[in-house]
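To start, the structure under review is shown below, and the notes come after it.
Every chain is named by a letter (A, B, C and D) in the order it is written, and numbering of its residues begins at 1.
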């Protein structure tokens, strides 16, 4: 299977030490483990020779990388139990699709624990999962699911798009005393960018402008952000491109400020549409500033069906830079008039 | 059964523990219909011996992971009575600041890191505490306490498997009242759970209505865990006197309870008096102390404030 | 615990045979089981003396009501397996909070099965779960979760508000060859209304006007619909009140048509706000008709935190008719002007 | 081992089945690097005997519930080769209309109601089919087939418990290649799963590299199920020749494979020739037929259309 031949996505050209997304994740884990002996990693196949696609290899403290049986539900409870008693676990899943197996623990335990006891417990638990779409993996091995997790009160949902964010957001997650779900996109693993060598954190709830422009606000997390950037750069689009970085908490202010300027909003989200992240952003504008919209707001998401396996269909399932560009052009292009509210 | 080697004062301490829990149950029975406790209660009436006998073998820093039926375990593990009673009364001084109610109790000072009402999952949390001890090279024990119904759940299986593989200091404590709500064990659990557990770890057995039996078996099980660093299983059959939830008496036709013979407190009383470890006067003194403690706790709770609903405004 | 003393909510006064919501559910199950020997019910404590709050008592075919161990995940797979091999199971849960235990099966199996095999399989599986909030049940026993389930492609999500709908939508669910999740609200069980005696189905994706008016469109499912109705009737509000009946599929047309007339939108949803049903409805308007909004759209949902146990907090957690009325009045009341876009 | 009582033609049929599956694996090895099959493949190379030996005891309407490693089971249960090959090639004529790929195969005509790539859950689906048979008073059998890794998962435990409680005609078929990806069983599963299963149901054992051993044990297990109406367990240790996924050979240091001694096909060949149940010419004839069938299936697949991506437009 040609994962190994898999190409990089679009990268931001930057100065500084260049690192891949995968290595940025690895560095964050390594530095966190070196800094704090309470930090440990645990996960199915996290300790094997492939080391979760390379992010767990050559760490300074391999003795704090633990494998597990195929028992995602109990192991989430084990990680939570360890977090409550003085450790700082990072629970790792090779695919986000395995998280529903642990959903009792994630819904009823992990995300509830702090509030359920009056805010007293510290729950320094990070769950890392890789969104692994590709090569005909089909309906059960291609899901994003961040919309589903964002629905749960008590859980922070983080979706790094760049190597710099991958490191900084993961370190922030590890430093938090509340549970954080970090969803990494497999297609970004080879992407490169400038990543500071020292430890640093990126705060949650602060979006990132990947591009400035005036004609349209484009909100896109994770791989969608990178595809959107490619679309904008290749087509020289006049777009304010916001990577929210964290789905929850969401940087409402940044989005609203931008939409107020541009009057046009498109959300590109590589997840299912219903009750998802794209809905949430459109709802925000409907609730706070519908009057500034010069045009209907737009959503580009997966079709509302499970991912098919056939490559022909799989390639069509995801939006891509070309289709994003076409959609942006259509939204910007139409001259504004009374009837143009389409 | 071997009689536990304990100092007389320790026997009396067991007695006081049992009584403290029982007295709280009786208080709930008394006031619950007045709607002063807005929380579903799963009473531990009749089952006190299991938690008390086990916790007498635990340190303050040992962990006890509880499910929905919390009162006996929480008190036996050392939670102050006031904190629990205030929680039942929905006050901010409660152990969970009024956010938890009867099913969600919290007192990390006494190794109680939170209990859960979704059956089964708390077993894994205890294993996680065991992992924590193992990683930190602490020689504490984590106890996962659960009922026969929880054995149905996959998390029971997964938790035993991981504890055995990773050799974690966890006591799997099965408080077996033979019921899951109104379902008898024969309808919900095919195999003998202790026989299954024996494929993973040493298993121990005690009469869950007899605190001395539980104390002794837990003593051996905990000794084994401290010696090997690995898990052990303790099976304690016991009897649920009340309906699964609420304040009505159990009346299932296939459940037979003799409230004198099966009573952990009367059993211990008979033993203490028979073996001259206590006089009737001494026991009376303890009862008075326990009653006073409850009265104090109830007053404390009633004088404590309710939470302010404005905390929920955005 | 005073469930037994629990009062009815607001009921619609109607002619016809009057039945409670609970008895309407029971009748639907009984009639379906009588009509079709393939229909059976299965669930933890479904067969006991309480019969899931009375909905399973005195059925004509008690031999087709099966109890289960506390094994919600495997039992969902068992129900799916039975559905794929000729039966029509109704899988019953006493609380929606137990569904996350079965989330692997619901996410990865039940909702994917049809599409994953090219649309060929029939999956006549109904999952019934009761939303059981009340009496300090706390964070793990009070969740609605319909927003989370609606995110999953392949699953229909149904939330009956009236006795008539409870019967008709459940019969529709049982007649479907695709999986349907029916979420019943425990607070509606004693509500009464006119329910036809014969078997009938109510189509999915068709909302129901509970009240007609011109000043504001109020969308509210399940118990929220009944509370909204009470608010409107007691305060004589000029509101178009839409009960969507099914969260998914959603009657987009009815909502859009109404908003186009009223220019004002409020969604009342007794569920968490982030990536939830309320977001979805606001997003619909932002996407299709933001220009018709005379005012900001509004959402009334749970606060974005887990449900506290204390009665004082629990009562504040849910919106209620009085607060709904106040919100509607505030949205209608302000005179419309250039600046009034608040 | 007792030799199965079969007609000579039945022995040859087993041989043809094994070969058909092997030949497909070899075709995949040949073409996979050309990216003509856009789907992750978990080959059944070396493990063919388990599915073939069991399915020879099943009727068309008996159900087989598969996980991610599907090819042997699907073909042994009767799925036409064309349907599977076309699915691997991503064509609309595939068994799942190109929506499934290697891990999701479907052929209800032959009791294949869909397979799953999330480890463990398919065990419960098989139990559901057993429930269906029981409710409809059909005397069919449902087989849940799974690996040693799936035994880790709670759904394994829950499924056995329910099948035993409800007394359902389910064969729990453990295809034990001692590996979960690159993890040896000793790292992921503490107890012997068959010993655990014996607390729920009768258990049987077979050499999973020897189709006659599997046939015989499955025959006894299925006989037991048909006789009692309740479940049985069959444990078949076997060997995985290839890496967990993809087309590279296994090279784990602790896995020892002798490609001649351990080969189910060569084993049966030696038996057939030694006991004069077949001549070399007869076997050659079968091989030619199998090769032809594969060539036909590949041609069929390649001539079939891809799906039209426009089906995904809203």
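As a working rule, a residue touches a chain if its C-beta (ideal position, glycine included) is under 8 Å from a C-beta of that chain, and two chains touch if they have at least 3 such contacts.
Please read these numbers as outputs of a predicted model, since none were measured by experiment.
> On a CA-centroid basis, which chain has its centre farthest from chain A's?
B
> When the centre of a chain is set as the mean of its C-alpha atoms, what distance in Å lies between chain A and chain C?
The computed centroid separation for chain A versus chain C comes out at 30 Å.
> Just the number, please: Cα centre separation of chain A and chain B in whole Å.
For chain A versus chain B, the centre distance works out to 42 Å.
> I'd like the Å distance between the centres of chain B and chain D, where a centre is the mean of that chain's Cα atoms.
It comes to 47 Å between the two C-alpha centres.
> Give the residues of chain B touching no fewer than two other chains, as numbers and ranges.
In chain B, 96, 98-100, 104, 116, 118, 152-155, 158, 161, 165, 187-189 touch at least two other chains.
> Residues of chain A touching 2+ other chains?
68-69, 71, 73-74, 97, 101, 104, 108, 115-116, 138-140, 303-305, 308-309
> Based on the touch definition given at the start, go ahead and assign the chain network to line, ring, star, complete or other.
Contact pattern: complete, every chain touching every other.
> In their complex, what parts of chain B are in touch with chain A?
For chain B paired with chain A, touching residues are 63, 65, 92, 94-100, 104, 106, 108, 113-114, 116, 118, 121-133, 135-136, 142, 154-155, 158-159, 161-162, 165-166.
> Where on chain D does chain B make contact in their complex?
152-158, 160-161, 164-165, 187-192, 195-196, 199-200
> Please give the residue numbers of chain A that touch chain C in the complex, ascending.
73, 97, 100-101, 103-104, 106-108, 111-112, 115-116, 138-140, 143, 145, 147-148, 150-154, 248, 250, 265, 272, 274-283, 285-291, 293, 296-299, 302-306, 308-309, 341
> What residues on chain A touch chain B, complex-wise?
So the residues of chain A touching chain B come out as 40, 64, 66, 68-69, 71, 73-87, 104-105, 108-109, 113, 115-121.
> Give every residue of chain A touching chain D within the complex, in rising order.
1-2, 45, 48-50, 67-71, 73-74, 97-98, 101, 135-141, 303-305, 308-317
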